[in-house]
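In structure tokens below, several structures.
Look at the two complexes coming up: chain A is in both, with chain B in one and chain C in the other.
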Partner chain A sequence: MNTDQKALQELLFQLADDDFILAYRGSEWLGLAPHIEEDVAFSSMSQDTMGHAVMFYEMLEELGAGTADDLAQLRKPQDFRNAVLVERPNGTGHYMEQPNYDWAYAVARTYLYELFKWVRLEALMSSSYQPLVQISRKMMTELRYHLMHWQTWTKHLAGGGQESRDRLQAAIAQVCQDIEGLFSFGPHADAIVAAGLIADASTLKARWLEKASDALAKNGLALPDAFPAPSHDGRAGEHTEQLADVLNTLSEVYRLDPAAAW
Partner chain B sequence: MIAQTHDEKLAAFLEKIDNGGKIEADDWMPDDYRTQLIKLISMHGMSEIMGALPEKEWVPKAPTLRRKLAIMAKVQDEMGHGQLLLRVAEDLMAPLGKTREDMLNDLFTGRLKFHNVFHMEAPTWADAGVIGWLVDGAAIITQTMSLDTSYAPYSRALHRICAEEKFHAQHGESIVLALAEGTEQQRRMLQDAVTRWWPALLMFFGPPEGGKISSNQQMNMRYKIRSQTNEELRQVFFDKYVPRIFHLGLTLPDPTIRYDEAAGQWIYQQPDWDEFKQIVSGHGPRSVQRLDLRKLSYQQAQWVRDALLNNTQQAI
Partner chain C sequence: MTEETLWSLLQEVKDPEIPAISLVEMGMVNKAVVEDGIVRIEVLPTFVGCPALEIMKRNISEIVGAAEGVKEVHVQFVFEPAWTSDRISEVGREKLKTFGIAPPPDLLQIEESFEAACPFCGSSQTRLDNLFGPAACRSILYCESCKNPFEAMKPV
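On to the complex of A and B.
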């Protein structure tokens, strides 16, 4: 594999794994959202996000990286390229037993991630790799609705009294502990940018900062002044133990017999 | 307009539904008609919501990317049906000063029951397939009967629900077929799930009448809320699914089941109806765990509901 091909695959894994793991976290929420209407809406958005991951895995499959299902379900944690933010649990407990899930964290994480995703897709619109240009346009039409949804939640929680406002602000701070991990293309960053696949990470970060600050300021909220260096560089395959749990759960059935038709 | 007595209103109401007329939420209706509808529709709605939980256990674990997307969409639909039905029930409850919150509290205290099938365990992926294929298949049969119900808002909701349930049954059938045509391990998983679910599927339609139709069923039939008895519906289920189950090379845990040509009906072994009563009163294998899950998520969202309420108050 030459440098350009390697760079392309690395970027595709970042795109696919970010969406796949976050959609998994979303699927854990199913049946547990604050009200039934939200359950339906959140689930619909998690499906979009998982659908996007599938499209990226299928692009990798076409490039000969393996079948989409094997890529999603049989790789080891250290082969995953998602940012650590998306693998963080929804709260304590298991989705089937005592899930102490934090809705403020769900709103803050999904909103701030999806704002980043918007910026990243916008940058991919001028990628040197044509399939990424086409796919980005399609994804952005869906993402626009997600952003409106999370904007509304942000407004409601920010304007919902002291407790709710405090919870949301605390969740934003918690998300920002991991936010820096999104703005990394990992060890192959130079090759990714040199191949013209996407604008460099600092450009993306500047655009995200502007968008996220505006969105929060409208609701009297703010980002922290500085973001710590990430505890794990997910783009380099460094992950928390939670990712191993996630992968064990999501591939539990498939691993019984990956060669079988399911 | 001349003031009508209660008896005159009742006579006009009955004449209307006997002629195939439909009742809307704001129309006059007898109190017991309203009560029966609230009971039926809130139970149906809550069953959809509680029914999301056993399948939800398999949503994060679905074996392929396509199955993951499909089952997420399916469980989302079930929640959507729950929402649709609770809204119909909410309109009926409004004149009594009751709300969705009351329905949830009734669920938590056990006053409001949900279908027996959703109290059961779903320990393998094959259970997710069997729920989609046979439980949704059974639900389609009972709901199809009610499509022409005299209460128009329920009828409209059911038309939409039935259309989606047909996709669900196909989704379940597709999972089941893949397992049936699969490896030894997959076939065994499927057979175990069918064996496990059989008694619950029989119970789903409710106890047989034994020549004596319950007063509840009688009233619902008089009010054209339903048109077939429990046993009639169960027979329709057998007609449709027993041959298919055998066709896949699967067995049923009832060696006596057969179609009696002379009687024109299926002969089968009754499930344990005492156990049925235990299950629906909240003593099934997963009743407590699933109710706890719903209760916990409801309690944890208290601050979110408060926040939303604060927003509304500010807007006013």
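On to the complex of A and C.
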């Protein structure tokens, strides 16, 4: 594999794995969201996001990286290229048992990630790889609705009284502990940018900062002044133990019989 | 088989989630060509993660594949051009209404809401209840006039 092919595959894994793992975290909220309408909405958005991951895995399949299902279900945690932010648990406990999940964190994480995703897709619309140009345009039409939804929740929580506001601001700070990891392109960053696949990390970060600051400022909220270096570089295959838990759960059935037809 | 026959066969393939409307009326069929019994069809997905896509593919293959003189059917999903909600035909928009779904309004520069007339009584006294509904392509609204909840296709 030459440098350009390797760069393309690395980028596709980042795109696919970010969406795949966050969609899984979103799906863990099913039945636990604040009200039934939110259950419908969050599940619908997780389904969109999972669908986006499938598209990226299928692009990898076209490039000969393996079948989309195998790529999603059979790789080891260290082969995943998602940023650590998306693998963080929803709270303490387990979705089956004592799920002490944090709704403010769900709102803050998903909103700030989806704003990043918007910026990333916008950048992909000028990619040298044509399939990414076409698919990003399509995904943005869907993402627009997600952003409206999370803006509504942000407004709701920011205006919902002192405790609600404090908890949302604290969740934003918590999310920002991991935010730098999103902007990393990992060990192949130079090759990814040199191949014209996407704008460089500092450009993406500047655009995100502008969008995220505006989105929060509408509700009198703000981002922290500085963002620490991430504890693990997910783009280099460094992950928390939680990713192994996620993969064990979501691929449990598939691993029983990878040859079964679905 | 002629292309005309092919398009009339495709008219028989319905949206699995809205059986009142065909894929052609939904504006999802981008191209349909036939050459020496080999049929090639390009379909534009409405939403990327729509779980009904595989069912549509299978239904197309079954219906077109059963026609006389057809040797092979190739269905491909493409994103160029992108499907947009204004591709739904006038007939399609009427059929959506009879099924109780408001057709998509024009795409506006909107922040948090969009408006659609009630498919049951036609009133525009409606409110958006949930941007997200039972399928990726639909939202849930409520009619203040006839007091019915209803779904509307999202403008995309």
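In this section, the second predicted complex is superposed on the first by the 261 of 262 C-alpha atoms of A that agree within 3 Å, B and C clash if a C-alpha of one lies under 4 Å from a C-alpha of the other, contacts with A are read in each partner's own complex, and residues count from 1 in each chain.
Definition applied: contacts are C-beta pairs under 8 Å (C-beta built on N, C-alpha and C of every residue); 3 or more make two chains touch, one makes a residue touch a chain.
Predicted, not measured: the structure shown is a model, and the values here were computed from it.
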item: Chain B versus chain C as contact partner of A:Glu163, first or second or both or neither; value: first
item: Partner chain in contact with A:Tyr254 - chain B first, chain C second, else both or neither; value: first
item: Touching partner for A:Leu143 - first (chain B), second (chain C), both, neither; value: neither
item: First, second, both or neither for A:Cys176, with chain B first and chain C second; value: neither
item: Which superposed partner A:Leu121 touches (first chain B, second chain C, both, neither); value: neither
item: Which superposed partner A:Ile21 touches (first chain B, second chain C, both, neither); value: neither
item: Contacts of A:Gln47 with chain B and chain C, given as first, second, both or neither; value: both
item: First (chain B), second (chain C), both or neither touched by A:Leu216; value: neither
item: If touched residues of chain A are counted for chain B and for chain C, the larger one; value: B
item: First, second, both or neither for A:Glu37, with chain B first and chain C second; value: both
item: Overlap of chain C and chain B interfaces on chain A (superposed complexes); value: 37, 40, 43-44, 47, 50-51, 54
item: Touching residues (chain side chain A, partner chain B) in the complex; value: 24, 27-28, 30-37, 39-40, 43-44, 46-47, 50-51, 53-54, 57, 68-69, 72, 95-101, 103, 156-157, 159-161, 163-164, 167, 249-250, 252-254, 256-257, 260-262
item: For the chain B and chain A complex, residues of the former touching the latter; value: 49, 52-53, 56-69, 72-73, 75-76, 79-80, 82-83, 86, 125, 178, 181-183, 185-186, 289, 293-294, 296-297, 300-301, 303-311, 314
item: Chain A to chain C touching residues, read off their complex; value: 37, 40-41, 43-45, 47-52, 54-55, 131, 134-135, 137-139, 141-142, 145, 148-149, 151-152
item: Complex interface listing, chain C residues touching chain A; value: 45, 47-51, 79-80, 82-84, 110-112, 129-136, 140, 154, 156
